[in-house]
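Two complexes follow with chain A in common, the first pairing it with chain B and the second with chain C.
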Partner chain A sequence: MTTIAATPSLSPARSKGLWMSQTLAMSKRSVLAMVRQPALVIPSLIFPLFFAALGSSSFGRAVRLPNFPKVDNFLDFALAGTIVQGVLFGSVTGGAALATDIEQGFFDRLLTTPTSRVSILVGRLAGAAIFGAFQALFFMVVLLPFGVSIKAGVAGAIVIVLCGGLTAMAIGGFTAAMALKTGSSEAVQGSFPLLFIALFFSSAFFPRQTMQGAYRRIADINPVSHLVEGARGLVTDGFTAGHVAAALLVPAAIGVFSIALAVRTLYSRLAAR
Partner chain B sequence: MNTKQPGPTDRSSDGGSSTAPIIAKGLVRHFGSVKAVDGVDLEVHEGEIFGFLGPNGAGKSTVIRMLTTLLKPTAGSAQVAGFDVVTHANDVRRRIGVALQDAAIDPLMTGNELLHLQAVLYGLPVSQVRARADELLERVGLVGAADRRVGTYSGGMRRRLDLALSLIHQPTVLFLDEPTTGLDPMSRIALWEEVRRLNQEGTTVLLTTQYLEEADQLADRVAIIDHGKIVKEGTPTALKASVGAPTLLISVAAAQALTARDVLAKFGELRTTSEGSLGVGLEGGAGAVTDVIRALDDAGVKVQHLELNEPSLDDVFAESTGYRLEGAASTGMTDAAGPAPARKRGRRK
Partner chain C sequence: MTSTVTILAGQATGGTLLRSARGLAMRGLRSIRRLPSAFFPALAMPIFQTIAFSGTFFAITKIPGFPTHRSVNWYLPLACCMGSGFGGIGLGFSTVRDIESGFFDRLRMAPAPRLALIIGPLFAVWTRVLIVITAALIVGFLFGARLTGGVVGLLLMYVAGLGVATVAAGWGLGLAYRFGDMRAAALMQLTLLTAIFLSNAQAPLNVMSGWLHAVARINPFTNILRLAREGWLGDVTWNATWGGLVSIVGISALTLAFAYRGLAKLAD
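Showing the complex of A and B:
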């Protein structure tokens, strides 16, 4: 009676290729969602610029403070912080989108398909990475006419773009884990102030060298400081192995941790069904 | 439970229970202290449309979610398309199509994009994706809207897209969770036709509904679920017959009324009717209509109007559960108000 063949089981090689195409399709979807909801995305592009403008007009002369790292102007110093700030905000949007999928049942729709569960998550994070890389490029291009110069040149700019992508993925891992844990977009959006605190208690706006006491100690151990400083070194100092390593390895290391956390949360969510 | 099950019992004896596309044994699902599903046994046969009828909160969706691998049973087991839903979930997923009422379609994507995504998720070869998507869009009548975002679709269009999405990989078993809830009558009928067509092509369909008429129109067999348990199961005809005899109404010229009354009385209990027509509860079921006509003809009675009213599934439901479904599910669609050819027209098989 029923002559139609259902999708058969796949060979390992084919299933690996399939995993890639599924992950790609999922990341395409999350990028599309951002492109088609500019209202959700634009704040993460505008507010960091606003902070950069505010910083450079208010604290422009702070660069002459004793202990302030040697920079040509405040914007050079601020660029990396601007990028990380934008990426943090953007990651909240990505995590909230995943939570919305859960709330509205699109996640269930995906789960009824034989697609790899991890590709649902990785697709989402890859989409976040693409947007993060775009943000990094966007901030560099927009601030260039205002006097930003990247000492590490084009190669350094490329590393900064990669750093933006990796950072988005790393922070996206945390917001995705939160989305998977709570299934609530409001809860994910509620993490926004937390990210703000993490940002302010870091060297995103001011160098650690000018900080004192407890504030300094917090900034020292705050991963956000280290996220910012790799890219900052490329802008203010030049293309050195140390700066490249810091710009890429710090977000990569955080990413390994956060993505592992997100995968674990995903599986415990699936197991709890 | 229900002794009148002519169709299914016959079929399972030749098919064998191991080949039935959907088998559930003692399915139980608790949410905390709430027993959403409390021991459901189910066997859906190949090529069948099986209707799961019940009010909101009866446990319909929870059963579907277990059968489609979205939820794990607290106890019991289920096999779908020959595979266990817990231990071989992915094998099940490859073979079933699922359209869930509460699983939203991403409003930001176009119909075409969603079909392509779905095709990739089911692992269709890239070379086939386009043709398959076009074929399905054609099938559900969404070619013109294919490149519009789903957010701009009407409710009926979304359901049709949902159906197309669930068919991308040519599943052998299709699960439709309340496929027409909230749709206008026209869209509902269009969807019914599509489901029938799929079924005729060989797809086994399990659908849940809170509409009696939908179950009556579409389903070969119906299970009535209430408080997490199946309280009645069988073909709509058998279920309705179990409640009581269908009523035959005739109108005759006033002069022949007495003769007609005498003839009708031989076929069952006379029933009071309004407006001068005569009514009889046909003890021999709807099949006795031809005998009645013949007898009336022999007696020289000229029938001016004839109407056969079967007991509705609502009567069955009321008898099984103690309350009427239509009151609970007042979404504007009732047996009486809907486009109700079900009353007079015979079942399609």
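Showing the complex of A and C:
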């Protein structure tokens, strides 16, 4: 009791600085965990590239179909879908890592320290965002020698990298909420099919213009379609305000919702302790 | 006298083999009821794949030279074969669980032929795969799939599915015996997925271009998928059938031998 009364109160500026340093430390830990366990993240880098290569060979002639957006080659079309696909894989890994912290008791140990609760979550999401941005950059660099050309130039590439980071943070919010809710890495991994469904019923792999019926209607309302098409437009059309807005604002909007959900789940978990 | 004893011993071994295999097959089938969470993904995946691929890639049927105008006719057999493959790989997962829990050691100490440890669960895999293919078929028909090769074409798809399941089960068991832990699981899935996708899984050979065409042309899974699809793309012909059958027998023999040798090494 005496101890609590004797705890010095921090000024708002110092408190904010402390929060930032804690968040940075958490982000650094999150990124280092990925670097130190490459087996966890390599599939999220390799598999999207594998599917892009497959798609390029299998569907290369589809670019001449009626209603197919005007592109130089299928890889130009596939790049944005590849990035989002990789980011989805990576976000599940990030969520599962948070769940592993809970399973192994590290999360509880953090809670016994005077660490800001939100910084635990934000640090994890920032780590996911950094990795998502790296994935976007990685996919662009690897695919450039194979004929991908980004019409929007360097500025467009920067927007795509930001889009990758924001998307990772947005999807990471959902997987973090799942991790905090269940405390089970298996449950977080189990959420992967849901993300896969969201990806498949979108225009990530094939244009909406070529879809019909219910598929088209689902793809039309699926935010993943709009997110992918924003980034894709920067690759195939050039730098326009519409493409930039779609590439950045759609994941940002999803992120606001998912992070609010994750924060709420965090406080529910803390209240239940 | 010696030959009589040999024959009797052979009959006794054969009888024991079948009884043991049946017991292990029943154990595998009971796990559907006891552990539905392990069976559900294997059931749901081909259904989802049929629906999602057919809708997403609907337009590829308009590429000149594509052998059908129904995308579901193209993707349903692929989904069934992939579902069957993952059903076979599931045997590898459950074996890893048994090894980790120590139950497999008790099975190995039982006075039953070693071969029963492979044949029994394989029977269970075939039964599960029949359920999976039938479920995917029903959904496929609801989504517009139509047989062009009649009942024989339908049967050939089941044959192809069971063949892929056998190949995958042998591969999964072989890896499970060698690794003995869940590290094998990722390898089982990745290799199967890669082998299937490096074939005519997504597009026919005449529509493909570049490196994939060269790889798919020599990939035996191309023949197996051709076998699975022939009843959905036109008439059933021997030309499109024999390559698939030979591929199934050949790769199954290799992967089952891989499994049997792995089991023998585990015993050592």
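Operating definition for what follows: the second predicted complex is superposed on the first by the 265 of 273 C-alpha atoms of A that agree within 3 Å, B and C clash if a C-alpha of one lies under 4 Å from a C-alpha of the other, contacts with A are read in each partner's own complex, and residues count from 1 in each chain.
Methods note: contacts are C-beta pairs under 8 Å (C-beta built on N, C-alpha and C of every residue); 3 or more make two chains touch, one makes a residue touch a chain.
No experiment lies behind these values; they were computed from the predicted model shown.
> After lining up the shared chain so the two structures overlap, which partner does A:Leu110 touch, if you call chain B first and chain C second: first, second, both or neither?
Touch status of A:Leu110: first partner only.
> According to the stated criteria, A:Arg36 is in contact with first (chain B), second (chain C), both, or neither; which is it?
Touch partner of A:Arg36: chain B, not chain C.
> In the superposed arrangement, which partner chain does A:Phe68 touch: chain B (first), chain C (second), both, or neither?
second
> After the superposition on A, what does A:Ser21 contact: first (chain B), second (chain C), both or neither?
first
> Who does A:Ile197 touch here: chain B (first), chain C (second), both, or neither?
In the superposed model, A:Ile197 contacts chain C only, not chain B.
> Return first, second, both or neither, reflecting whether A:Gly60 touches chain B, chain C, both chains, or no partner chain.
second
> Go through the superposed model and pick first if A:Tyr215 touches only chain B, second if only chain C, both, or neither.
The second partner, chain C, only.
> Share the list of chain A residues that count as touching for chain B in one structure and for chain C in the other.
After superposing on chain A, no chain A residue contacts both chain B and chain C.
> In their complex, what parts of chain C are in touch with chain A?
Those in contact with chain A are residues 41, 44, 48, 52-53, 55-60, 62-64, 190, 194, 197-198, 202-203, 207-213.
> Which residues of chain A touch chain C in their complex?
43, 50-51, 53-62, 65-68, 193, 197, 200-201, 205-206, 210-215
> In the complex formed with chain B, which residues of chain A make contact?
1-10, 15, 18, 21-22, 25-26, 29, 32-33, 36-37, 101, 104-106, 108-115, 273
> Can you tell me which positions in chain B touch chain A when the two form their complex?
For this pair, the touching residues of chain B are 46-47, 68-72, 81, 90-91, 93-96, 98, 100, 102-106, 108-109, 113, 116-118, 120-124, 126, 149, 165, 169-172, 202-204.
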